[in-house]
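You will see two complexes here that share chain A, one where it goes with chain B and one where it goes with chain C.
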Partner chain A sequence: MSESIEAASVEVIRRGRRRRVRRRRTVVVCLVAVLAALFLTSLCVGHTVYSPYDALRVVLGETVPGASFTVGRLRLPRALTGALAGFAFGLAGATFQTLLRNMLASPDVIGITSGASAAAVFAIIVLGLGGTAVFVVAVPAGVLVALVIYLLTYRQGVLGARLVLVGIGVGALLNSVTSYLLLRAPAWDVQEAMRWLTGSLSSAFWDGVGPLAAGVVPLSAVLLALERPLTALQLGDDSARALGTRVETVRLALVLGAVGLTALATAATGPIAFVAFLSGPVAQRLTGGNGSPLLPAALTGAVLVLAADLVGQFAFDTRFPVGVVTGALGAPCLLWLLARPGRTRLARRAEGVL
Partner chain B sequence: MRTRSSLWLSACVLLVAVAAVLSVMFGARTVSPGDALAALVHGDDGSLARAAVRQRVPRTGLALLVGAALGTAGAVMQSLTRNPLADPGILGVNAGAALAVVCGIAYLGISAPEQYVWLAVGGAGAAAVLVYVIGSRGRGGATPVKLALVGTMVTAALSSLVSAVLLPRLDVVDTFRFWQIGGVGGASADGILQVLPLLGVGFVLGLASARGLNALALGDDLATGLGQHVARTRLLAALGAVLLCGAATAAAGPIGFVGLVVPHTVRLLTGPDNRWVLPLSALTGAALVTLADVTGRLVARPEDMEVGIVTAVIGAPVFIAVARRQKVREL
Partner chain C sequence: MSATRTLTVEAARFGYAGRIVVDGLDLRIPPGAVTVIVGANACGKSTLLRGMARLLAPERGSVLLDGKDIHRTPTRQVARALGLLPQSPTAPEGIAVADLVARGRTPHHGLLGRWTPADDEAVARALTATGVLDLADRPVDELSGGQRQRVWIATALAQETDVLLLDEPTTYLDVTHQVEVLDLLTDLNRDRGTTVVMVLHDLNLAARYADHLVAVKDGALYATGAATEVVTPQTVADVFGLRAEVIEDPVSGAPLVLPVGRHHTRRD
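On to the complex of A and B.
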């Protein structure tokens, strides 16, 4: 009698697990499909519309009159930069949110994005650098700012409200430095500066895609490989250690990887508002909170950026940079996440920690 | 306590006077105190030094007024929300004023300062209410962390909208760009006169609510027991604070962190009694903004560095220090 009950409950658990795994897999596959569709749309649509067939031929290296320049030189690097930056923002944001067990602790809230963007603006305007060199300056600066925030926050533990507040303060300071640099720059006109500050893909060309990809791909691989220890860390340090996780090493690798990704993406496109912050919660909502949120969040980030860029380019009379669209759309979403009376699991968890 | 506070009061008055004199003397060209005085008394005689002084006087006046307004507004907001991190910049009020002004310039074709003063005040009020309403939902009411976060988010969203309005309009961008980081460089006597009535009402409301705010600090029940009309006190004090920061923002652009730093410093000196804190905050704020303006003029000589940048550089570390001292409270 009891055996059959046990067998039945094991069967229920197993079925539940299978269902959750299937749901997560479906979501990931769907996100990849949407991403591919958006990518192809970004290549085809524009001042001149090309057929998907022509666009694909250009991507595969064939020479198509007209399309080779427009698609190959202009739209392909733009779409690649958008997808890579969105992927990086989403992945970094979800890593921070999961690691700190706090929805609010995404890199754009806690000041890391501001560090990278101040450094990138300094490199571009004052030092006159471009391409790879900007990344070489922005990434260490992002890491340095993260370290400063960490040290300022550190007092019998780091988590919680203090981190967010110190991050907001550091971010405000760095943002004022950035706007000072931008407004004084003789070579940049104000519009260009504003575009950059809100996050834009309009200056994305091939010379930036190489270094961005060279940084984003390995760092993403590291973070995604650490998904399982990250899940263990969520149980608390002691339990994670008991499960055989090397807590300190894993955490350091995760933080460095996420800061690096944020800095790379910021250096390439400017701080695109809310992508890092929203990707994690949106992905959680899609997967129903099953399994690690990293990959779905990263894909969501890429989808968000490409979709917002399409909207910004073609939905209005004027072309708006991608950051304006994500900022204008993201803020209501976020306020809704924060203020909803019946709260999500993630929001409840965030409140528990703060 | 009383004598000590009066001592500090006289010290603050002295500080304001020194700041005003420095502000008239220093800049791209240094003017001797004698020349400055002569220019003030006898008017412009065509010499460069006196011309410089004539230009710096309205600028100094505006810096003093804006600083006093922001200092008072910050002190009122902090006691009103019982939130040590309240500041017009942090709570999204500046961004609300900015958006309203930009929309007015772009869509309604407004160019006269006296019109966009009202827009700025309206925008500031709307943003303040929005942030406060969202921030006080959920468990625990309006905690410092929640308000700061909601303020940051609302600021980000409103700034996106500002960019969205501005980017297609090159002509508006240029007038708006220096206003946006906050500066008193473009001050004129007419401009000051336009914001003066609003600031006056704001000061009266703010300073008059000092006693009520003291009672509110004891908690709503006790305040009611002491004969305070809690809701009315709140409303009047909030109206005063919004008028002050809206008008200040309209006149000089969003200047952050003054409202945060000044009341904390003053409270260290005099204790928490609002009857002292509010006037001293006004004086200290005036001195701080004026000195920040002088610093900006000297650092970036012969150009200006906007006050907003200098105050952010001074204010952000204070914000961080306050945040570190704060006990971690639940969201």
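On to the complex of A and C.
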């Protein structure tokens, strides 16, 4: 008797779990499909339009007259840079938001992006560097800024709202450094730096894809491998520790990984507005908040950047950098997330900080 | 499940950032019993519980689980024997009840461990024991305070540990739900032999539900033993600084504390 009740209740659990797993998997598969479609579109569309068949042949290494240069040398590195940077921004943003249990705690809000940006502008304007060399300056700077924010915040039971406030302060300071550098710079460099600061894929060439991929791939692997302990950390430090998680080690690895990804992506494309901030909440809406948010958020980030870049390039008479489009898209989304009736918990949390 | 796990605290000193809260404390938790820790605010009772749950490393002394120092035992191994319900756990937004409870299975998995039918069974058992099976697919956000507390207890139960530590599991609950939660924990103890250790604020509920009562004062043990031995006017005066009469609880036979305040005292 009691065993049959048990079997029935186990069935309830199993069915519910499978349904949620299936939903998450469907979301991930759809995002991958959309990403692939956008990627292919980015290769085909432009001044000259090539067929997907020709574009794929170029990707596979065949020589196609005309397409080999346009697709192989211009569009492919651009699409790869966009996808990698979007993936990195989305993953880093969701990691921070989940870890700090606060939507506003994404790296573009708490000053880490500003740190990498200020360093990159310094590299471009003062040191006269470009391309790969910018990475060498921007990545350590991002890590350094994260460290400074952490030290300023550190006081038993570190994280949360304090970190967001300190981060916003540090970010404001670094933005003024950037402005100062721009004021002092020669006009040509300013234009270059400004385009970069808006977040742009137009200077993406093959020599930047290598270092970006070399950083993004292993760091993403580390973060995605830590999904399970991260879901334990979502329950609070005490619960996570009681569940056998090494809280400090896992958190340090997650923070370093996310900071690294942010700095890499910022160095490659500039701070593409709102991608880190939006990917997590959007992905959560899609999956319904079940399971780890990391992979769906990363894919959402890549989709957002590629889609916004296509819109920026072709939807208007003038070409806009990708950051202008994500900014125009992101700001209303932020307001909607905060203001929408019903699901007020997110808004309450955000208000608790501001 | 066995009731043979022993949890002992030996000459332990616990504190935060140089401030000593508990010092030189020895305590043996009786296996298979319900132990309740009571004391005034800031007396160190929660600190003691946190120390036993290895959330806090002792500055001196040690906490032993089956004779082994829990701070020198792999954390996942401890997590399979010792469960904890902290004071204010947080549920991720939008998570379903069954998924939250499933996270209690974490210590039984490796980093890439697969979900097994045994995990589904453990979750179903935990939800059944706490009476929230019919809420399995609901979002935790939508539950009432009492339901949510049951779900958190279910999460700790899904961990399937022989020892369960709870830090004020009845806070924020109305009296009906307080009794419900304490009855539930008593069921667990009686049906499965789980060793239950909890901090409670309400002295009368503590006296009723404890097999073993531990009174803490200024970071040291004041008295331990059966409620009838520990709960006396003298203890209440010393531990809580409160003048009180103690009578026999007509419902349970346990001691019942009646505080004597400055007002509303009969003069005849």
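In the analysis below, the second predicted complex is superposed on the first by the 328 of 354 C-alpha atoms of A that agree within 3 Å, B and C clash if a C-alpha of one lies under 4 Å from a C-alpha of the other, contacts with A are read in each partner's own complex, and residues count from 1 in each chain.
Operating definition for what follows: a contact is a pair of C-beta atoms (placed from the backbone, for glycine too) under 8 Å apart; a residue touches a chain by one contact, two chains touch by 3 or more.
As the structure is a prediction and not an experimental result, all values here were calculated from the model.
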item	value
Which superposed partner A:A253 touches (first chain B, second chain C, both, neither)	neither
Partner chain(s) touched by A:Q234 [first = chain B, second = chain C, both, neither]	second
First, second, both or neither for A:R17, with chain B first and chain C second	second
First (chain B), second (chain C), both or neither touched by A:L56	neither
In the superposition, chain B vs chain C on chain A residues touched	B
Partner chain in contact with A:G244 - chain B first, chain C second, else both or neither	second
Chain B versus chain C as contact partner of A:L129, first or second or both or neither	neither
Chain B residues touching chain A - in the complex, by the definition given at the top	85, 89-90, 134, 137-139, 144-146, 148-150, 152-154, 156-157, 159-161, 163-164, 166-168, 170, 173-174, 177-178, 180-181, 256-257, 305-306, 308-309, 312-313, 316-317, 319-320, 323-324, 326, 328-331
Residues of chain A defined as touching chain C within the complex	5-6, 9-10, 12-14, 16-17, 19-20, 98, 101, 156, 225, 228-229, 231-232, 234-236, 238-239, 241-246, 284, 288-291, 345-346
Touching residues on chain A, where the partner in the complex is chain B	104, 109, 152-153, 155, 160-162, 164-166, 168-170, 172-173, 175-177, 179-180, 183, 190-191, 194-195, 197-198, 273-274, 317-318, 320-321, 323-324, 326-328, 330-332, 334-335, 338-339, 341, 343, 350-351, 354
Residues of chain C defined as touching chain A within the complex	16-17, 50, 53-55, 75-80, 82-84, 86-96, 98-100, 102-104, 106-107, 109, 111-113, 115, 117, 120-121, 123-125, 127-128, 133, 136-137, 139, 141, 155-156, 159
